[in-house]
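In the two assemblies presented below, chain A is common to both, partnered first by chain B and then by chain C.
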Partner chain A sequence: MTAPLRWRVAHLAAVRPETPSARTLVLQVPDWPGHLAGQHLDVRLTAEDGYTAQRSYSLAAPADGDRIELTVQRVIDGEVSPYLIDTFAVGNPVEVRGPVGGWFVWQPTQPDPVLLIAGGSGIVPLMAMVRARRAAGSRAPFRLIYSARTPAEVLYTAELHRPQPGDGGLDVRFVYTRQTASSRPPGRITAYDIASAGWPVDFRPRCFVCGPTGFVETVADILVGLGHDPRQVRTERFGPTGGPDG
Partner chain B sequence: MGIVTPGFHGRARSPGPQLPPGQYLTRDFPVLSAGPTPRISHERWEFTITTETDQVHSWSWSDLLALPSQTTTVDIHCVTKWSKLGTRWEGVSLDTLLDGVDTAAEYALVHAYGSYTTNLPLTDLLDGKAWIAYRYNGADLAPEHGGPARLLVPHLYLWKSAKWVRGIELLARDVPGFWESLGYHNYGDPWREQRYAGD
Partner chain C sequence: MDEQYQDGNALAGPLSEVFAVDVTAATTHCASCSRTGPVATLRVYGQSPGLVARCPGCESVVLRLVRGPTSIWLDLRGTMHLEIPLADASD
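And now, the complex of A and B:
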């Protein structure tokens, strides 16, 4: 029998504001077992009367020893994300367990071309893949298409606009639904966006799509419609939930 | 009880319906799956039960609709923590489909269009606990929710209720399915919070 994934007490080591509605939490987790890019973890908050709330969050970066990073996007009227953004303070403890999820993952040993398509805060697990590629010195060709409402809502904006050492072979295309960019009129992502900024079908890229449900459904349908093998298209819905259902 | 998270109060406690541990209530119906949504026409759709002795029983779409259907209202629980109460489904009970199937198998491996699989003990499909569902809230089941038809096994986490179901393989031995091979619990009882292997 597999050893249980146990709850560990993590402490908030640092925070980084990302946008007005999102921040990155750097957690110190003793004996963190490591994780793959794309995996998530469960966070459990406990009130003084014993009431608990659990949520899943994608890991945003490779582990740095016992330090891991989550990026939390505020959910309007949410129960957990406003706490993690407004109240949770450096030094405070929180329980976590993970890593979880073995499907929506990229490993630096995979040399194949990769197409990442993010909608909104669905960028988080895909950014973990970009960072894992950089950290490992992988030369796997990466293309990222990132759809956001406006440039102000782009997470990791400086890092994505300014290539970092090790980011050679990574191309990034931004698509804005509410703002014109480089003569592209505002609008939802289209087959043209994906065909022009993605990989040709015969390169057989591994495609990772993450975002809200409607976005993921649309993009996955477009990829299959363009001729990509459905088995090469891995999806994850981001937002109030994450992981499998059926 | 775990450690207290300083300053966390949570939602107002309501005397509402009890949820399985670690779950929260949602009113919408989140869609989660591992890949693109398969589009299966009714003409192409077929459902097959294969026994451990390779006996094959199959139903076309019209065969399925010709069977007596049941309407059931159930609570559903996703391992990603949301629960939805009072969902109304229509479909054919697995008791009906398994009625003429001669088997001594103890396990079932459920197959879906698009290659998804999930496993469970055969007894969890019997005695009014599971359906092949093709209508949700009075309308045909939408593709993103598993249409034309999905398995519905509401007493287990929802990943067991395979969307786009196309068959059930009856086996003498337990064979882990897709998520069960990727770190999720083999059985998945939400009331015992069996989310991950070893829980």
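And now, the complex of A and C:
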């Protein structure tokens, strides 16, 4: 990034449904400069009367030329997400600014073990890291712990349940809080989940935690309590509604 | 303080209108309690006009950003200093 960013117009190129309440938007952005896994895109909608609403979404995958992907989770009574899920159609324009953010990012040149812990749609930037690892042929050992309410609410479920070429060295553990498909009883993530599916402390993994504020605080406290260096724990919260007023 | 906050990652877009480098990866030194840490770890409240970023240690206001029609006001009086990494900031 060498100059302040400006808003530019992107167009919706394709859509992929993910769950009944989430879909992935493929945007065509002319002269997209590329981005790092974990970075965001700001999206601005303007109504006919000039009222604007702006949200920040995590980029979900490495760029494919000028094409980038966001996954949008519906926020009930939100201002932006219902439009992006129900109305925004292929060919429609939208204003975007990005990529933004330089702290909650992973780069394929980093060889250290990585522990990713997602709560709900907090999986999106972490999935970008998994995909960036695959795309770069990185051998950094990855473990992902993904907490969701039910199996039906898991994003990217096929991709995460079926290892893709290049995903050797990636382990995925699901934690369900309401209704489960495994022998683990439903319930919120615990220190046992993280200790058993994460890395030993002396591996000094980089930890990336993303989810609702309460989830992130809980997980960050558990990681530090287990002995992980707080400087190795990077967090990203979205508001309790799943985004700033979604 | 209620729990309706985001973290400093949310400042990345708004600050990108002002700065040519990513400031969320910069380290701040809180003028009130002397805590140091990345801007990305501040607690950001957006209910007031503009954005208010508070120290996660002492809840003092570290940074305020208000965008008007013709200018942006950036209030950094709660920041003793900002340490901005020169290389691409990831470590």
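In this section, the second predicted complex is superposed on the first by the 234 of 246 C-alpha atoms of A that agree within 3 Å, B and C clash if a C-alpha of one lies under 4 Å from a C-alpha of the other, contacts with A are read in each partner's own complex, and residues count from 1 in each chain.
Note that in this section a contact is a pair of C-beta atoms (placed from the backbone, for glycine too) under 8 Å apart; a residue touches a chain by one contact, two chains touch by 3 or more.
Being a predicted model, the structure only gives us computed values, none of them experimental.
> Are chain B and chain C a fit on chain A, or do they clash, once the structures share the same frame?
Overlaying the two structures gives a clash between chain B and chain C.
> Count the residues of chain A touched by chain B and by chain C, then name the partner with the higher count.
Chain A has more residues touched by B than by the other partner.
> Based on the superposed arrangement, let me know which partner A:E95 touches: chain B (first), chain C (second), both, or neither?
After superposition on chain A, A:E95 lies in contact with chain B alone.
> Give one of first, second, both or neither to describe whether A:Q107 is in contact with chain B, with chain C, with both, or with none.
Only chain C is touched by A:Q107; chain B is not.
> According to the stated criteria, A:T213 is in contact with first (chain B), second (chain C), both, or neither; which is it?
Once the two structures are laid over each other on A, A:T213 reaches both partners.
> May I ask you to decide whether A:L36 touches chain B, chain C, both, or neither, giving the answer as first, second, both or neither?
second
> Touch check for A:F203: first (chain B), second (chain C), both, or neither?
Neither partner.
> Is A:P4 touching the first partner chain B, the second partner chain C, both, or neither of them?
Both: A:P4 reaches chain B and chain C.
> For A:Y192, using the defined touch cut-off, is the partner it touches chain B, chain C, both, or neither? Pick first, second, both or neither.
Neither partner.
> Per the contact definition in the header, classify A:S56: touching chain B only (first), chain C only (second), both, or neither.
Both: A:S56 reaches chain B and chain C.
> For chain B, sort through 2-10, 56-64, 92-100 or 110-118 and name the stretch that clashes with chain C after the overlay.
So the stretch of chain B that bumps into chain C is 110-118.
> Pick out the shared contact residues on chain A: the ones touching chain B in one complex and chain C in the other.
On chain A, the residues that contact chain B in one structure and chain C in the other are 1-5, 54, 56, 100-104, 213, 234-235, 237, 239-240, 244.
> Using the touch definition from the top, list the residues of chain C that touch chain A in their complex.
Answer in residue numbers: 3-10, 12-13, 16-22, 24-25, 38-41, 46, 88-90.
> Help me check something: in the complex, which residues belonging to chain A touch chain B?
1-5, 7, 9, 44-56, 79, 83, 87-89, 92-95, 100-104, 213, 217, 220-221, 223-224, 230-231, 233-235, 237, 239-246
> Under the stated contact criterion, what part of chain B meets chain A in this complex?
Against chain A, the touching part of chain B is residues 1-11, 13, 22, 24, 26, 30-38, 78-82, 114-116, 118, 144, 146, 150-151, 157-163, 178-179, 182-184, 196-199.
> Which stretch or stretches of chain A touch chain C in the complex?
Spelled out, the residues of chain A in touch with chain C are 1-5, 36, 40, 42, 54, 56, 97-98, 100-107, 110, 213-214, 234-240, 244.
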